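Each of the next two complexes has subunit A plus one more chain, namely subunit B in the first and subunit C in the second.
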Partner chain A sequence: MSAITPTTPVPGLFEIQAHNWKLAILVGLIVSVLSMFALPPEAAFWITGAMAAMVAAAFVVNAYRRHYYGGLLVAPAIAVLFVMNIFPLLWSLGLSFFAYQSNQQTIRFVGLTNYTKVLTDSLKAPENWANLTNTAMFVVLTVTAQMIVGFLLALMFAKQFPLRKYLLILVLTPMMLSVVAAGVFFSYYYDPTFGLLSYFIRLFTGEQFILMDNKAGAVAGIVFADAWMWSPFVMLLVLAGLVSVPKYLYEAAAIDRVSGWRRFWSITFPYIRGLLMLALLFRTIEAFKMADLVILLTKGGNGTMTISYHLIRIANEQNKTSEGAAISYVMLFIVIVLTNLYLYIANRRTEGA
Partner chain B sequence: MSEGLKYALRLNGISKSYDTVRALAGLSFDVIEGRFFALFGPSSVGKTTALRTITGLVKPDSGRVEINGNDVTDAPITGRGVSMVFQSFALYPHLTVYENFAYPLREEKIGREEIDKRVKETATMLKLSHRLERKPNTLSGGEQQRVALGRSLIRRPKILLLDEPLTNLDAKLRHDMRAELKRLHRQFGMTIVYATPDELEALSMGEEIAVMRDGAVVQRGTPDELYENPVDMYVAGKIGSPHMNMIKAKTGSDKTVFETSLGKIISKAKIKSAESGEAAMLGIRPSDIRFAAQGEVGIKSTIQMLEPLGDVTVVSVDTGSETLRMVVPESAATMIKPGQATSIYLDHKKFHIFRASSGQVMT
Partner chain C sequence: MSKATSIWEKLGFRKASGVSEAGWGQTLFAGIISLIYFLPVLLIIITSFKLQTEALSIPPKFMPTNLFGLIPDAYVFSPTLENYTSVFSRAMTSGGVAENTGFDRYFFNSIMIASVSVLLALVIGTLAAFGFSRYPLKGNDTYLFVILTTRMLPAIVVIIPIILMFRVTGLSGSYLGIIMLYTAFNLPFTIWMMKSFFDELSLDVEDAARLDGSSGLKVFFKICLPQVLAGLAATFVFGLILTWNEFLFALLLTGIDTRTVPVAMSQAVAGGGIGVLWGLLAAIETLFLIPVFFVTFFLQDHLLRGVTFGTVKR
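And then the complex of A and B:
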């Protein structure tokens, strides 16, 4: 961006100017700290807020006077990002080192106790590990199912056939539905008394079919619903890769008398590899956070409790805020390790190939 | 064609339309085994579609394709023994040069060592040995071109189709590659069908040329035949550089004398098919016009422009009613300059006479 224009010299620290943000920070800090000591908490809260607004205004005026419009334009987005994402993230990291419950007034620093409790406590750790194992199982099953179905759908839609456009829209709709709506659909499908699934099975066996009465059935029900929703996402990405392969390469391969299998691996696959990796990454992270379908379909029963749903219970329903924060940071750590592993493998492949 | 010659390729009445666009309209030609055959015509005349029909990538709407005497119109691409170099090269971007070469051999029952041997042979022949481990997009245009060529040659195809292979190269490389292609043709003796919009390429490389127009062959023959006896104004205008001069004329009553703004021009033979008074176009090549010698009766004209080409110079002259282009030796061109008055001599025997209405040659 443009440099400082000659008409707006950098003000000295104590020069009173609307764009002197250093002075604004200094004054803001002093006033806020003083008000915290001197005034009742309600008043201090608003005064600190006003000081923050003043500093922000000084930054805006400074940016405006220096023609730093680019920064000015992204500032709202960054502010929202900070308030909504970065601040809560850091705040919860802080909370994980304290003993704090959202329904109680007391707060006490306990260091890493929350983490050791979550990971090693003889009562809590086994439950957490079991839920983490369940989550891993869901990650493997749902992602595999989505990748396979999405990939096959993409292969199908890469070709031209009648009604392709309309079918494509139809196939994409699950992805656009609210998870709650999809969950309700499937809870009706799976319902033992009036569900479609039970109805069809009753035609053969004459008996009601309770899909959710064992772990395999419950897991299958959830995996199927999740795959139904998110396979189209994988398909979209793979389809983008498939249509980007230049047609003349296939023609050259046809003239070179290359078989379909070799043609796929040496021509098509390099074009979709990166996108497949991306789909895998997105879907793994999402699957790791799965709670919604579990809540809607099984309420975590029959061994379908995931770590995310467990976390919601601990933090929101049992008000164990600090413990919840510790669990979520362990989860975050696992996800970061996993995704970096993916990226590492993907990058090494690209360089090696 | 004379007896005893085998046709490698025979196209008979091929038509092909894409939606409303007619790409080929009754295209027919045949190629004798081992010939270097040039398919010549401006872009979008159907050359590429013709080649793609031969490979089988395009199924013609009507007409037959014969390869080595077998009708392959409905046969699959595999087994035609035809290889093609695409205008875009169509190299496999994710494979090394080595793998690009080896690719067409992978599906055949050929051992690894044999493949390796043939790849190295081909690379040596095309001077690409030091590039085998590189990916195509790291190579220069000329190298990519040679990789594309090598990939086609490595299978030792009976018929090699080249679709404007030199269009994407610079002038110097084009010149080198022309010689290279001729050399490869002599070395391997395969039949080559070479599509090009470039007159110079067609004339310098093609042992036989088919001139295409609107999806059909207008005239075919050796370069000399096309140059000496163009069948219509289209071919006359395409073959030969600079282009043939065209003069409007009216047929005289005895069908040998033609009235033009340059005076009467007498044809070398009686034009029987012409009607007296019929409009005609007289074509004369720039090389058949010269400055009138001392004592010769020439056409008075003014020199307009000189275009030196090295050993010869193209001179545009204004006769008052027509602007004609002529080719004079460099030595003669040094003595003249634009604006100067001169007198030119047209060799009446060298005139090509076309019917003005159809553009066909009149005999």
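And then the complex of A and C:
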């Protein structure tokens, strides 16, 4: 479909033309790097922005002159993503090599010092490591719980029955709650004096029940709230897969008297595998970011501090921007490795099947 | 055989291919499970009709009426609408005219910011998805993966430089800044979802239209877009749910004028030093739930069909 008709000759690298994007990139890079070292940060920011706009304009003119409609259609999305996501990411990567605090004016190049501090400092490294293990624990527990509960709920809704539509929306509601309200209300349900949970347990044991006073209880409380909120997401994706299985496959299986377990593995599972993987991927990424429920339920006490909450404290409350950036890049590295591992396993399974 | 006779078809349900039928027994079973699952939300809604003392009473008061004496009075509370009125106006402690809490503004902000940014992402993302699908670029898959990667990244990684960037450009606390940010936040999902919809469409009609001399623009609007309406609805709902409740960006990047409900809610909870006002918080959340609940409910059929169509491609 792509009608590429080069109506305009490709300009030489140093030929000044409106669509010579190679030259634009070269000039943009040189000017931006120079301005970063020579000028105050604010001026450098505007100059870099102007250079990025220049490169973008060169690309658009180039695409227009050559009838690259694909490029033109994609351009607005790429521009928004670049300004709001990719550029800030590169910036924070740059910041992680500097000593910078957002409440001070000074900025100083320190190379890898932030990373070595985060990873090997005798005070900070164990703390970061503990937070990371906590996060990993939450990731494993919440994602497992969500996958199981979401899967079972999806099985329940995979049949047509009267009023299904109205019951399904009830189960979807937790996902629509604001996490602030959900977190605060779970702290209300868990409260030792007037909470529902301790009320019911007191009916049986006669003693006051404090869920959050030890690590196991605190973790269980957070995992339960998170799994409750996000299982519907998994359910929706799995349900979509279950609904898409053609009925004649089940009918053929019934004629052949295939056992239920076999039927699941050879008919149902291939249809939901992709969606299960997608749910697993999205929920794992989200679980790595978990901070809000922890803030609301335990404030990081009782060994529930996560790396994401630690990051918020460092970067936002203590203004240690560079150190926060270094931690986030270590974390990002772990998430990317993990997601690629997921995708690798998923692809290998698909090829093997 | 017996077409459109079963009760759920009368209620407007569509039969999907792989869905087997079950009767009212399944309804009973699913109803019990669903109600248990819904219970924490139901308790929030019930709490929104309670005064503070009743919200904190032991034993908990569950019922708004005593059902003609069936329920012991210890479990019964007297429902009140006071929380709902005090969401929007707060009586002064010293007496006098009630003070506006600003929540009307926050609700307006939430609705405005979420709907504008989700729709903007839908427009930009659909165009891009059409481009990726019909006019593949060199290294198309790489672009798509990089776009997905921005969604994979924890928000916390980008928030520090975004705060700095917004400070420098004066975007912090403005509608423009938060709307652009949420648009970027929604774009990757929109592009991936819509691309798989466009990929599914048959090219024959489009090619015929092109041969008849229709412009690319006309092909897009008259032929492709009407076929992916379900996908647009599904993408809209997912984007809306995520944007509606987004907290971290909103907390750090909105000002007093552009504050959204989740942020204002958290401040209403924390403020005052007299502990959480449970009834008030519950009332805010109940009101905040209503719009997104009904949008999801009315687009529910599209949501399920859209996800199926969009991601399971075989």
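One rule holds in what follows: the second predicted complex is superposed on the first by the 274 of 353 C-alpha atoms of A that agree within 3 Å, B and C clash if a C-alpha of one lies under 4 Å from a C-alpha of the other, contacts with A are read in each partner's own complex, and residues count from 1 in each chain.
We take it that a contact is a pair of C-beta atoms (placed from the backbone, for glycine too) under 8 Å apart; a residue touches a chain by one contact, two chains touch by 3 or more.
Keep in mind that what you see is a predicted model, and the values were worked out from it rather than measured.
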Subunit B versus subunit C as contact partner of A:L23, first or second or both or neither: neither
Residues of subunit A touched, compared between subunit B and subunit C (which is higher): C
Partner chain in contact with A:R262 - subunit B first, subunit C second, else both or neither: first
Partner chain in contact with A:E251 - subunit B first, subunit C second, else both or neither: first
On subunit A, positions contacted by subunit B and by subunit C: 246, 249
Residue numbers on subunit B that touch subunit A, as the complex places them: 52, 55-57, 77-78, 82-84, 86, 88, 90-95, 99, 103-104, 106-108, 151, 155
Sites on subunit C touched by subunit A in the complex: 7-8, 11, 13, 15-24, 26-27, 29-31, 33-35, 37-38, 40-41, 43-44, 47, 56-60, 124-125, 127-128, 130-132, 134-137, 143, 146-147, 149-165, 168-169, 180-181, 183-185, 187-188, 191, 203, 216, 241, 244-245, 247-248, 252, 261-262, 265-266, 269, 276, 278, 281-282, 284-285, 288-289, 292-293, 296-297, 300-301, 303-304, 307-308, 311-312
Residue ranges of subunit A in contact with subunit B within the complex: 246, 248-249, 251-259, 262, 266-267, 270, 353
Complex contacts: residues of subunit A adjacent to subunit C: 1-2, 41-42, 45-46, 68-74, 76-78, 80-81, 83-89, 91-92, 95, 102, 153, 156-165, 167-182, 184-186, 188-189, 193-194, 196, 199, 228, 236-237, 239-247, 249-250, 271, 274-275, 278, 281, 285, 288-289, 291-292, 308, 311-312, 315-316, 321, 324-325, 328-329, 331-332, 335-336, 339
